[in-house]
Amino acid sequence: MALFKAEKKAPKGPAGRWDVVIGEDMCKACGFCLSVCPVDVFAYRKAPNKIGWFPMYTAHEENCIGCMLCYQICPDFCIDVSVKSTAVATV
Amino acid sequence: MTAAAKPRTEILISGFGGQGVIRMGQILGLAAIKQGHRVTMLKSHGTETRGGYVRAQLVISPDYVDSPVVENADVFVAFSAPAYKKFFDHCRGKILYDPEMVEDVRAEGPERHVAVPATQLAKERFNNVLFANMIMLGALTRLSGLDYEAMKKAMLEVIPRFHEQNLAALDVGYTLPALIPA
Amino acid sequence: MSTLAPAVSEQLVAPWVEWARRYTRGRRLLEAGTYALTEGAIAAGCRVFAGYPITPATDIAEYMSKRLPQVGGYYVQCEDELAGMHACAGASLGGLKAMTATSGPGYTLMHDAYGWSITNEIPLVVVDAMRVGPISGITGAPGQGEFYIARYASHGGNFETIVLSPSSVQEAFWLTIDAFNLAERFRTPVTILTDQVISDMWEDLFIPEDYDALDFVVPRKNNLMMPFYPVGSADLDVPPNVIGHGTGVCVSAYTHTEEGYDIEEMEAQWAQTYRLINKIRHHRDQLTRYETVGVEDADVIAVAYGANARTVKTGVLEARRRGVRAGFVRLITLWPFPDELFERDVPYVVCELNYDGQLVREVMRSAPDGKKVRFMGKSAELHTVAEVAAGLEGVARTGRIPELPYIWTEVR
Amino acid sequence: MNRLAKKYLRPSQIPTKACHGCGIGMIENWLLQAIDEMGLKQDDVIFGTGIGCVGRQTFATWGGDNFGATHGRALAVATGLKLAQPDKKYLIVVGDGDAASIGTSHLIHAARRNLGVTVICEDNMGYESTGGQFSPTTPAGYVTNSSPYGMVEPGFDPCDVVKAAGATFVAETTATQWHQTVKIVKKALANDGFSFVHVRFPCNENFGAYALGTRDTLKNLEWIYEHTQGRKADGTDADFTWETGIKHDASNSRPEFSRLMRDMNARVKADMKAKQK
């Protein structure tokens, strides 16, 4: 059993209802969020941020299933995941 | 304070630990303070609480005391033979000694030596050697012409218990026939 | 003991001269120096004592453990001196006036906390009852070996310290209040450098009857706003920041910005250093306390502090009686060092209780001619009156201190 | 910045000075969750730290009052501060050097007194800010910059030490147990007494590089995970396992230190009044 999952699954259930916001300027590119995410949401930027790292960004927000693992594991307080305001309206 | 001349009285009390040397100095000092004097008391002792030598050096003066060190005592109270030997040269005045503790007295200055059998009297009258220091204090009060009433008051303030016996012991020393001038 | 022909000028420059004149209602006691230091602290509003018992400062801890609960304060017997002074600093940060007391071996352990308190401008008072050393030395014998340690009370440099030294039990009482006042005023730890003789000595002591009525006690004021201090300012009246009011105080061991954030930039380091040093250097006029006797016409001046000054003063008077025009300077403020007291170009005889020579080096530095400064060091015992008089007579008549047993005159 | 960081931390101090992949920020994030779930405000919590990675990285990030003591002395400072400000919650966030080495005497005696603070010992198993020397919590045999032939000294478990000293709440977690850590910290904060939470986290730059042979953040966090679970990814047993979870819970079973002091003062005052009458 491993902490990180190399293979991403296809999103099931309540995907697409989440806002995934990354503070890219404070990201130190540890890669924890990308590795812990069970689906395919994150990707590295190709240009460095102002503190010199190639930060993570939300590449596929629509895949997010709201498991909050990235929020829990981010060591630099960068990531916030919240219910999309439009989604709230439909629930 | 002024640097003008000031009469100072130096008193040196020494003996073994546990004989009440410091208590005696404390009462003496407080009595002097109650009468408006300035007082210092240095106490020194060996590292052991009981058994080692204990010394109280009192300086009483109407004005601020500069040096608190007794170099030429006006009165020296010796409660033990080692104390007597050690501090004999620091005294130029009267030497009150307890003959039961200090057996070999130096030949020089016989007129300065006053034997106060405090330990013996304490045993006889109170069946307790602990009262020897109060008998000695009574004798010192008489000999130095200090205010007896002030001494009693100070004693009651300093000593928490056994007031009656202590007052009686003070009286034994103060009324010692050998000290009362004929 | 002595009769002086001409009246000799005497001067005591200290705030308690006025205090003692104004407050005359109270009790007269025969008490020890440790008692006076304790009562002085209580009178000054000290409400926390945290420390570790050590002879000859132990009695302060004992008295404090009895007195503090009576006035709503807290006595904490810590696991070591490091914890003791840090706990005092913590209590002071929380808004309570605090004090600790120790002797040499414990004082060296406090340097960590001392530096932290200086850097974070935390007011508190440290009593160091010096005993003879090195290291544990003799617990029941006086020494004056922490003169320089008290100045350089922490590592890293870049600070000034305030150090006061009493020479009587009565003075210990007033001086402790003064130390608390200076600590509050200058937002820094203040050391009371006393010694075994003063702390153990019993002496007549006047205690004013109502501490609440003492209007000269500087109260604790709390700075309830950021920033930590105005940068580059010498404004001393910025009261201490207090933790626990939600003001976002940052108290750091590192060089910090005016908000208290740790920073590794030279400008911030310079600003902090400038403030820590000059808040004291620029206010020496408020800090210098001393006593002099007959210095105006003196041909030779004896210098001393603490318990030692008592016999030295009598020695000076004795020398006068022998026809030597001797003067006397007693330092009460040891640091910042009062250079201005050594302006006269005459021989100075520095009497201190150590053989290595500490105070004498400062006198050599500040006197017009350092070569004329003489040293009379003695260890573990006060100088006798006879020794001091002989030393002063020797210097006045032959320029040299005569050979005396147990007196060291060499300073290398 | 996430919502709790916005609510509780100082924007000017984020990003912290932590290296990338350092677990300190993770744990602080969980502390914020515990604080938030308990309904505490910025003003209710005083944040104390020491020196080293944990002290330096967490100091001044907390939006309320902070102090960063000299090395190991955070608990000594807190002892005095608690007397002056008894109603605050104290989070003393220190490293393994602060808690288990230079400041152990203060840790033991704070536990003995039942000082009302919550100590979070963030343990990266070595002195990493000075370049990666071993500490009393470095696992035996592991190579560090000051144990180039493997750590020969036996280590100790600070949880056992504080429990023996009288702490009223003791727990251990690691940097891969977020939900458990949040729950435990909440319990620790609810204890009006001395709480100790030991959290192990990965250091990539030093412990990772020298003891584990890699600066790969994922591999190092994976190593923590393996030793939390006791099993490696391939199914074999790990060389040792940390016992995590609540190790001792006697919350609120005995009076807190500053409470004892205030009670004594009240007693002394009452006695004095009775005597005056």
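Read from first to last, the chains carry the letters A, B, C and D; within each, the first residue is number 1.
One rule holds in what follows: a contact is a pair of C-beta atoms (placed from the backbone, for glycine too) under 8 Å apart; a residue touches a chain by one contact, two chains touch by 3 or more.
The model shown is predicted, which means the values in this text are computed figures rather than measured ones.
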| item | value |
| --- | --- |
| Relative to chain D, chain with the most remote C-alpha centre | B |
| Approximate Å spacing (C-alpha centroids) for the pair chain B, chain C | 34 |
| Distance from the mean Cα position of chain B to that of chain A, given in whole angstrom | 88 |
| Distance from chain D to chain C - Cα centre to Cα centre, in angstrom | 39 |
| Whole-Å gap separating chain B and chain D, where each centre is the average of the chain's CA atoms | 61 |
| Residues of chain A whose C-beta touches two or more other chains | none |
| Category of the chain touch graph - line, ring, star, complete, other | line |
| Which chain pairs touch, all of them | A-D, B-C, C-D |
| List of chain B residues in touch with chain C within their complex | 1-6, 8, 25-26, 29-30, 33-34, 37-45, 47, 64-69, 71 |
| Sites on chain D touched by chain A in the complex | 1-5, 9, 14-16, 18-26, 28-30, 176, 178-179, 217-218, 221-222, 225, 229, 231, 233 |
| Complex interface listing, chain C residues touching chain B | 1-4, 7-8, 10, 12, 28-30, 139-140, 168-169, 197, 200-204, 293-294, 307, 310-311, 313-315, 317, 382, 384-386 |
| Touching residues on chain C, where the partner in the complex is chain D | 48, 50, 69-70, 72-74, 76, 78-80, 82-84, 86-96, 98, 112-113, 115-116, 243-254, 260-262 |
| Complex contacts: residues of chain A adjacent to chain D | 1-4, 23, 25-26, 28-32, 35, 51, 53, 71-80, 82 |
